[in-house]
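Next up: some structures, all given as structure tokens.
Consider the two complexes below, in which subunit A is the common component and subunit B and subunit C are the respective partners.
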Partner chain A sequence: MIELLWSIFDITLVLILLALAWTTCSTQDVMRAVTLFIAMGLLLAIVWARLKAPDLALAEAVIGAGISGALLLSAIRDYPSTSMVTHRSRLTEGIINSLTLALMILMSWAAWHGLNMSDGVRLSEQVNSQLPVSGVSNPVTAVLLNFRAYDTLLELAVVLTAVLTVLTLNEKRADHEASSPLLQGMTRWLVPLLVVTSGYLLWVGAHAPGGAFQAGAMLAAAMILLQLAYPSRRQAFNNHLLKILLVIGILTFMLVGLWMMSLNDDFLAFTPAWAGTLILIIEAAATVSIATALTLAYIGGRPIGWEGVGREDTHRTNRSIIENGGAE
Partner chain B sequence: MISEQLLYSLAGIGLFGIGLRATLLHHMLLPRLLALNVCGAGVFLIFIAIAYGGVEIMADPVPHALVLTGIVVAVSATAMALALGRRLEALNDE
Partner chain C sequence: MTDTLAMLAIFSGLFFFFSGSIGLLRLPDLFSRLHALAKADNVGLALIALGVIILEPALINDIKIVIIWLLVMAASAISSHLVARHALRENRNDD
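Coming up: the complex of A and B.
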């Protein structure tokens, strides 16, 4: 009986997910497409929870649905003429449809075959056997920051590169008009709550679902909310500090890695006795960097006075640019 | 257990297909990015469905870590694509 109910739940979830994906991709209105995409992200978070991946459920709810949603919604303004109508000829459409269908059938066969063949090697046993020396008891955090720390370091580099590209290409978007007092009042309540939740997620990541990515995204959500509620307020951080915050995660990660290399002969090979503390230090720095990166990505370009010497004084910055330009 | 893995893997393949088809069909940047994100979500779903081992067995944490990384990289890549598109739009206006 219980199993039947689970099957009904699974099938309903999958059908709604596919329906949302289909409407996201085929609706005529961009605004509607983005809204449906956010809804799909939230549903995916439920799917992750169902498939016993609570870390992913947290990350998807904050990043996949929250931050990407905010990013895409604010990007709609940049493309006033966008329409979702396609102008492909019947022939092209037919070719695309049949090729996609063929690929899907092939993939389904591969999935069916692969799942029926054998149990295969499950890496979870290896992870479990090494978990006591990893310094943390949440297996996902252990994989991310101890066993596969290289991947995570490089991932931080990817995020940094993406944000640097964003900063190189554009100025910050023009501010929208001041928002309603309702949002401002709610923000006063929500932001401290978000900051506390972020700190909690960072701390709890050692032994339960959570960690640097979820915490960083939560912090970025708080910053985006502040940006939305008080658009004309002068930015609280000066740009010099912002630059340091952007790279502190990767810097700490590399310094710890090099320090461990001098002790254990291997880059990022943690001494088991210190691993827990080191992971917490790296995660704290990474949280700050991820939050800064995602906030800057949302803003969509350089904040005012970015090229200057780090002072927010725009007048002075402008003068120094002119002087530099003249000297060249 | 196999049936749940298979069901969610097929759902992932479905998402992938829907996203891929729309990515190829659309002309404009924003709809294409949305479709590409749907496509990516499908790949994540296939990964996690295979990592799921049943009610009493612990799910495989390695794919979870990979997909967590993937989600963060996907949002960064989306932000980068949007910035490139915005720059292109600005250049076209000039």
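Coming up: the complex of A and C.
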């Protein structure tokens, strides 16, 4: 009976997810598409939870629905009249559709084959057998920060590159209008809670669902909330600190990797006895960097005064020359 | 006994969610829809949280559920307020 109920629940969930995905892609209204996309992200988080992948559920809810939603909404604010009506020729449309179909068939086959392959080594068995030497007891963290640490390092590099591109393209977005005192009041309560939750997620990642990406996104959410509640505080950031925080994750990761290379002959080959501590250090630094990166992405460009000391100095010199000239 | 009590709470909570959704679909304008949604969500979630607390023996998890309920309640009240405020300003600009 209970199994039947769960099956009905699961099937309903998948059908709603598919319907949401379809409507998100087919609607003409950008605002509606974004709203539906956020709803789809939340539903997808429930699907991951049902698949017993709480790490992914957390990440999807915080990053997929939360931060991406905020990014998309602020993008709409920048270009309010953008329409989703595209003018593709019949041929292009046909090519896109058939390629998508081919990809779908290929992926379905891969999933089916992967699930039904009777012999061969399953990755989860390999991970679980090596778990005691990884330094952590959460298999997901063990894979991300130890066995496949190289991939995670590159993921951090991808995030950094994306944010550097954003910073290159734009100045910071125009501020929102003055916000409601009620929102400010809630923000004062919520931000400390978000900071504590972020620290908790970072710490708990060693033995339960959590980790640097979720913790970083949660911290970024706190920063976005602050931006929304107190838009008038223009100089909220210390740019020098911000630059250091942006790269500290990848820097720590690489330094630890090189240090381990000098001991164990392989880049990022952790000494098992220290692995737990090293992973925590890397994750703490990565959390800060991810939070900074996502916050900067939300701001949408360089904060005021970002250009750096050199440029400021030239300005100052020019100004002093002009002022001196005026005095003479 | 506890099971019956919990089920009673959860199903009355579901009833509130259900009527909130009907309100969202059927009511004529944004403000009355917001009203239906926010009220129904708060009471509905409170009743469901109560039901789950009755079923869950561990105190630490009960505290977590209460915190979640409080957070959702604050968030839903504030976001309703923000949506309504935005809509009011839009109307004023139209006039």
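Everything below uses one rule, namely that the second predicted complex is superposed on the first by the 268 of 328 C-alpha atoms of A that agree within 3 Å, B and C clash if a C-alpha of one lies under 4 Å from a C-alpha of the other, contacts with A are read in each partner's own complex, and residues count from 1 in each chain.
Convention: a residue touches a chain if its C-beta (ideal position, glycine included) is under 8 Å from a C-beta of that chain, and two chains touch if they have at least 3 such contacts.
A quick note: this is a predicted structure, and the numbers were derived from the prediction, not measured.
Colleague: Looking at the overlay on subunit A, is there a clash between subunit B and subunit C, or do the two fit?
Modeller: By the criteria stated at the top, subunit C and subunit B fit after superposition, with no clash.
Colleague: Considering only touches as defined above, state whether A:T24 meets subunit B (first), subunit C (second), both or neither.
Modeller: Only subunit B; A:T24 stays clear of subunit C.
Colleague: Contact-wise, after the overlay, does A:L182 reach subunit B, subunit C, both or neither (first, second, both, neither)?
Modeller: Once the two structures are laid over each other on A, A:L182 reaches subunit C alone.
Colleague: Return, as a multiple of 10 degrees, the angle whose vertex is the Cα centre of subunit A and whose sides reach the Cα centres of subunit B and subunit C.
Modeller: 90
Colleague: With the two complexes superposed on chain A, say which partner A:L263 touches: subunit B (first), subunit C (second), both, or neither.
Modeller: Touch status of A:L263: no partner.
Colleague: Return the chain, subunit B or subunit C, that is in touch with more residues of subunit A.
Modeller: So, of the two partners, B touches more residues of subunit A.
Colleague: I'd like to know which partner A:D55 touches here: subunit B for first, subunit C for second, both or neither.
Modeller: first
Colleague: Which partner does A:I8 contact after superposing on A: first (subunit B), second (subunit C), both, neither?
Modeller: A:I8 sits against neither subunit B nor subunit C.
Colleague: Once the two complexes are aligned on their shared chain, state how close subunit B comes to subunit C by Cα atoms, in whole Å.
Modeller: Distance of closest C-alpha approach: 21 Å.
Colleague: Any idea which subunit C residues touch subunit A in the complex?
Modeller: Going through subunit C, the ones touching subunit A are 71, 74-75, 78, 81-82, 85.
Colleague: Please output the residues of subunit A touching subunit C within their complex, sorted ascending.
Modeller: So the residues of subunit A in touch with subunit C come to 180, 182-183, 186, 189-190, 193.
Colleague: Which residues of subunit B touch subunit A in the complex?
Modeller: Spelled out, the residues of subunit B in touch with subunit A are 2-11, 13-22, 24-31, 33-35, 37-38, 41-42, 44-46, 48-53, 58-62, 64-69, 71-80, 82-87, 89-90.
Colleague: Spell out the residues on subunit A that touch subunit B in their complex, using ranges where they run on.
Modeller: 7, 10-11, 14, 17-18, 21-22, 24-26, 30, 33-34, 37, 40-41, 44, 47-48, 51-53, 55-56, 59-60, 63-64, 67-68, 71-72, 75-76, 78-79, 82-84, 86-88, 93, 96-97, 100-101, 103-104, 107-108, 111-112, 114-116, 122-124, 127-128, 139-140, 142-144, 148, 151-152, 155, 158-159, 162-163, 165-166, 169-170, 211, 213, 217, 290, 293-294, 297-298, 300-301
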